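Consider the two complexes below, in which chain A is the common component and chain B and chain C are the respective partners.
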Partner chain A sequence: MADAKTPLLEIRDLSLRYATARGKVQALDKVSLALPRGRAMGLVGESGSGKSSLVLALLGLLGKGAELSSALAQFDGQDLRKTAAALRGRRIGMVFQDPSAVLNPTLTIGYQVAEPLIHHRGLAERAALARAVALLNEVGIARAEAVARSYPHQLSGGMKQRAVIATALACEPELLLLDEPTTALDVTVEAQILDLLDGLRRTRNVAMLLVSHNLGIVDRLCDDLTVLYAGRVVEQGRASEILQTPRHPYTRGLLAALPRADQGRLARLTPIPGGLPDLTRPDPGCNFRARCAFAEEACTAPQALDDKAGCQVRCHRADAVAAAPLPQPEPMAAARKEATGAPLLIAMEMSKSFRLGSAFSLTFSGGLPRLRRATEVVAVDDVSLHVARGEVLGLVGESGCGKSTLGRLVLRLLEANAGRLSLDGQVVPAVPGVEFRRRAQIVFQNPDSSLNPRQRVREALRWPLIRFGLADGAEADREVDRLLELVRLPASYGSRYPHQMSGGEKQRIGIARALASRPDFLVCDEAVSALDVSVQAAVLNLLSDLRERLGLAYLFISHDIGVIAHVATRIAVMYRGAIVEQGSAAQVLAPPYHPYTEALLSAVPLVGAKTRVRVRLMGDASTAPSSTGCRFAPRCPHRIGAICDSLPPPVRTSAQGHRIACHLPVETLAALPPALGRAA
Partner chain B sequence: MTAYILRRMLSVVAVVWAMTVLVFCIVHLLPGSVAHMILGEFATDDAIRLLEARLGLNDPLATQYWRWFSGLLRGDFGLSLTMERPAGPIILEALGRSAILAGISIVLVATIGIALGIHSAVNKGSPSDHALTLAQYFFIAVPEFFWCILAILLFAAWLGWLPATGYTPLAEGGLLGWGRHLVLPVATLVLGLIAHVSRMVRSSMLEALDSQYVLAARAKGLAERIVLYRHALPNALLPAITVLAVDVGLLIGGIVVVETVFAYPGLGRMLVYAIDNQDLPLMMGGMIVVTCVYALANLAADILYAVLNPRIRYGGAAT
Partner chain C sequence: MLGRRHLPRTLTIGSVVVLLIVVLAALGPWITPYATDAFAVRERLQAPSAAHWFGTDEFGRDVFSRVLAGAHYSLLMGFGATGISLLIGVPLGMLAAFHRGWVEELIMRGVDLLISIPPVLLGLLILATADPGLFKTIIAVGVVYVPIMTRLARAVSLSLLAEDFVDAARARGDGAVRILWREILPNAWPPIIVETSLRITFAILLGSALSFLGLGPQPPASEWGLMIAESRPFIEEAPWIGLAPGLCLCLLLVMVNIVGEGLRDLLDPRLQGRGHG
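And now, the complex of A and B:
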């Protein structure tokens, strides 16, 4: 074992190239980092920056066709290039992003956790399984014996990720590699996993290399931070310092583009223009140059990582432009159309349930065949909401809470079981007419699957014009140009196919398509969730510009509270099919609030808010409540008692229209600490 | 699990019953009198009336169906019209011989097909994978009867190594004599099916090898052998089982051809004989037996699928 001074993990000038159809891609370019024992380093960057490739390179698990070179790659004094196969699973543990895909569906959880012990420690299967149960206990799984005997599909996402972490810990590794360990999880579950990882660092003194796109998570867990851009390290140093005072223009841009729940709608986001450079022809100069606001002639020269008080920056102008603010993009010049107050869309008592499986199923109880009615899942339960002209109603909740279903119900894309809907005072029947379809449109989450890959942009945008009889022939072409200009794309994009555009550009086309029929009301269903932060900022800005210019009303559905806090004028919080709180953005984001809102806000990983109060929920949203009481009661940290299980909570409405469905008196709720870590 | 198997069994019973109705209807609702069909176009009216009375063809259809169906339930397939003896034993004997052919074939298809599929997937892009891929498409494309004729010409007529046609019972010819008659029919039967199954296993194995859980198994530091056989293979075999069950259907079709060409006295040849000679009881009985075999093969596949797939073995979320 090497002495305590040498880092546990050290790599120097690690480069990776791999062959693709377009030529050799330089995925990593002379990346160096050092990680001492027991410390945690964050590795951030947008998709395509090479952060996951780096992790696989460390494990020696890059596929065929990868060319790896490095000046040094050491783990505890051993050459990682030769010993990676012997180290992984033993002294280096790995946690991947999506636990549902990572666990083998045909093996029990216990066996999968025990496997490293059987193969690396030579334990007998029985002894290894007993140890697996202890590990499952350690990562916070109650009833570990039962869980060990079950299969992955029987567990929730959070439980699965705990099991994956237990597997990584089995052989007591000194280093944990975490690749987006919470990205596939809900925010309250993510908070639980982050707490677990933080605890493991202290109890086991294990070093961590955390790959993430989320700066808040890095701030929560990491001591050090490495920022990757297009395969190169652009900034490296102490995490708290970099996040407080970023020096590289790219890091500054990332932070400026981040919608922050704790800053509300005050600031306009600053997107980073453009996209990743072509990695098949790596730029010898600064490869961020094309997107950088401060670029100058000298940036074409190779940039060195300059070291300044332990913080390294790959930019020769970092100090020169430190005081200069990032340029703000011009908002669209237009007459501001403010919210008029009169509701445009009103949905009353909407309900929708889904059947699981076929209508009737044959079951056998006590050997006798029985025809059983299929169980129904109530996705949306008696929800009422309204959206005014020029208003953005943010709908936030965890996966499976029914928010997307609600979004489709108010567009009549799904048939409701009950409820009334009106637009502009006109009742919308169950099968709406063409006029409603024209006036109410939707922007989907994933532009890759919502745009027809065989249709050019121009055709895709012409369709709604023809369908709704708005324009035809040359007039339609002019209209398409107008739409492209509206979403700030050059007219030449009309002849492109979806695969010829970046994610952000495709989403702009998705928005243009929705705007083609000149609607009054848009449902944005996770419209920015698939986008990188720098691109997301541009699309969010676009959406708010369009609201101001066209007076659009949005129902903005998202699981990301930061995004919701940024765009929404009013917010509705949804839990298990019902809206538990509704009010203006300022009302919902500060006490008094519903205990679930409190937990949700408290769980959001924020940059620079380490000291705030943490409210943690038990379990996840699949924890079933009693049929009569409050649906949040089983997880509620402020549960009063039996009343929560037996009676539905009263809706407490303030004079300003702030509605909270809770048994607790408003005074108690008002006394809750601010969950975003700032004064209310 | 028990409920699942019971449910599957119930649907097998339903399928077989529906098939009895279908087979009966096809035979009896065809235009023209059944007796006329049997006796040929020069039959006298008297002869037809006599036969109709003997076969009960003047009774209502439902009565006729019930007479046949209740007979089936008792194991009575009726009297073969051309051989003048009970159809049941004839069918049973033929079934036994075909079962030997089919059993050996399916075992070979499963083992060789799966082994080749794994080999191709693990060595994807290698010369042997390319050669196998080429061979697979070739054998899937060329029909059995072509191989039958080629095999007879080559091994029986030209080289004289193996008998071209016929069958020797085990008791008479011993293992060698019995086996010699099986080699060519089995070989021609399995060629296409092995190609089909190995193609399928290759693609599902590739999918498994590309999965996150295989990457995770490698990240755990497990030996490649364990990654392959413990993590990838069980998942890759699930679709292969379904394909094998479907292939039983193809196999039955192939058996009809192969038995006819090699004059192998099995169920397929019997069916062709029954159709040629308008022997209705033999034909209907044979079809029902084929239905049963196919349905039971699918039942076996469903059960095996459940055994290998915990998502079916243990229904929904339990914990």
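And now, the complex of A and C:
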């Protein structure tokens, strides 16, 4: 082993070029970093910045057509360029984004954790399996022996990711490479995994390189931070220092574009204009200058990584950037806060359940064949909500809680089992008429799936106009141009196919298509979740502008509490098919709140809020057994006793219309500490 | 690379050859150097030569003339039968995908029934009910391939129906026909085209097999499958009698497949402006 002073991992001037159909793409440009033993470094950047390429390069897993060059690439004194294949899985562990894709569905969890021990360490299968159980225990899996015998599909997402971490830890690695380890997980589960990783770092003194797009996670877990932009390191140094005083305009832009749960409702976010530069022709000067507010003539000269107050910054104007005050987001003006008027859309007692498998199945009991009805899963259970004109109702909850199903129920895209729906006082039948279809529209999460790849933008936008008889012929063309202008895209985009646009642009087209029929009500189903922070900010701003200009009402569905806190006038919190809390944004984001809301808010990784109280939930929604009482009771940290399991909780309504479904009295709930670190 | 939207090279070669074969097949009966049924007993079983490019058969008929005259049978068989299976199978498959429930059950169980009968047997069954003839063979072969097209169209449509742009169409209240025609079909084409080109080749082969069994065009017509069947007794002394139509069939099949793949790439807007080597 090398002495303690030399870093465990050190790379210097690592460059990477890919051969593509458009020419050579400079994916990484002279990236250097050093990671001492037991320290954690965050690697941050938007999609296309090269962060995943860097991880693959370190592991020697780059495909054909990749040209790698570096002045130095060392792991504990050994040349990584020669030994990467021997080190990975042994001294370097890996955890990737999606645990469901990493685990082999046909092998037991125990065997998959034991596999590296059998293959790399030559342990006998029996000894390896025993060790696997110990490892599963270490990563916080209860009943580890039973879990070791089960298959991946029997475990929840959080459990799977724990198993993946156990696999990575099997050969006692000194370095863990974590590529977006919590991005596929729910926020309360994410918090558990982050706690686990933090604990492992202390107990095992393992170094970590954490790739993430989420600055909150990096701030929670990492000592050091490297910010990548288009293949170049733009800022590197202590995480707390950089996040406190960003010296590079890009880092600054990322922070300003981030909607934050603890800042509540903001008037506007500050997006970073433009997109990534063309990497086939790397700019010798600063490659961020086209998008930079601080750009000047001298930026065309090559920029060096300079030392500024202990941090490396690739910007000659670093001092000016640091000195300039961060654009302070102004809170929403009070006058605009409250929506006015009667409810536009009212959904009463909506329920929806899905059948698992076919309607009947043949079983044998006592030697006789019996037809058995298939089990049903209740996705939405007796939910009522209303949205007023010009109002944004934020619907927040974890995956599988039924929020997307509810969004489709209120559009009558799914047939409800029970419930009534009305728009503007008119009852909407189960098969709604053309007028309802015109007035209620939807924006989807995934920009790739929401547009027909074989339709040009103009076709996609023209059809709703003709369908609803709003415009025809040349008038429709003018209307398409107007719609494009509404979402701030040039008219020339009309002739593009979806694959010729970026994710943010596609999302704008999706919004324009929904707006074409001049609706009053829009369901935004995770409408910004697939976008990078800088683009997300621009789309959020666009949505709030449209609300003001057109008086639209939104049902805004999201798992991201930061986004919900930013856009919503009212918030509804959903858990396992029911709304557990509903009220104005300010009411929901501060005590008194439902214990689940508290846990949810407390789990959100925030930048610069390390000291706040943490409430951690055990397990996740899918592992908790259903009961006749409160559906949150099995995971609730404030559980009173048997009453929670046996009786459905009463809905406590305050004078201001804040509703909480909980057995605990409001006074007790009001006494809970603010979960966002300060009174919101 | 020439130009922004050039044809894939394989497509160009494939289409030129297929077009050539089609033209020759269409003109075939009129441009044969010899009459196809002209017996010349003294010139029987001659090897290929300048006078008889593909040699002569057991009656002294010119094999080249017969291949030329019989080409249109094979082409009609391949394209006609595949056309029939496309026209019936694709709409059925898309409907089954769109209307889950009893409509789907009805269509797919019917298809399963059809698929459980061996193709040659099914062809024989259909042909047994009527006198043999080219158009009946085409219909028989077409029906045999309906299940494959139905299953493919259903599988492709099912995954496409899960996409958000279909939900967007539903949110506009678009009807089934509109959604299937405008949203699903344009995206379902690529796998269907590839399957179609494969099916054309199989249809020609099955048609030839049925002719071989005596159920297609009848002698003295010169259908390729029939020619191969008739050449069997002479396979050792005069292999060219069977080889000539066999190799022509082979060339046609390879080229049709190449055209199919080329078309798939050409119709994909995502590949426009890139082109292949």
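What we mean here is this: the second predicted complex is superposed on the first by the 649 of 680 C-alpha atoms of A that agree within 3 Å, B and C clash if a C-alpha of one lies under 4 Å from a C-alpha of the other, contacts with A are read in each partner's own complex, and residues count from 1 in each chain.
Rule of thumb we're sticking to: a residue touches a chain if its C-beta (ideal position, glycine included) is under 8 Å from a C-beta of that chain, and two chains touch if they have at least 3 such contacts.
Quick caveat, the model's predicted, so the values are computed rather than measured.
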Superposition on chain A - do chain B and chain C clash or fit: fit
Partner chain(s) touched by A:Leu451 [first = chain B, second = chain C, both, neither]: second
Contacts of A:Pro105 with chain B and chain C, given as first, second, both or neither: first
When both partners are placed on the shared chain, which of chain B and chain C touches more of chain A: B
Partner chain in contact with A:Leu155 - chain B first, chain C second, else both or neither: first
Chain C, chain A and chain B - angle at the middle CA centre, rounded to the nearest 10 degrees: 30
Partner chain(s) touched by A:Pro116 [first = chain B, second = chain C, both, neither]: first
Contacts of A:Arg373 with chain B and chain C, given as first, second, both or neither: neither
Overlay on shared chain A, then closest C-alpha pair between chain B and chain C (Å): 5
Overlapping contact positions on chain A, where the chain C interface meets the chain B interface: none
For the chain A and chain B complex, residues of the former touching the latter: 59, 61, 85-90, 94, 96, 98, 101-108, 115-116, 119-120, 143, 146-147, 150-151, 153-156, 159, 164, 167, 362-364, 369, 622
Chain A-touching residues of chain C, taken from the complex the two chains share: 163-165, 167-168, 170-174, 182-183, 186-187, 269-270, 274
Complex contacts: residues of chain A adjacent to chain C: 21, 408, 411, 413, 432, 434, 437, 440-442, 444-446, 449-455, 463-464, 467-468, 497, 499, 510, 513-514, 517
Chain B to chain A touching residues, read off their complex: 2-3, 6-7, 10, 211-213, 215-223, 226, 230-231, 234-235, 308-311, 314, 316-319
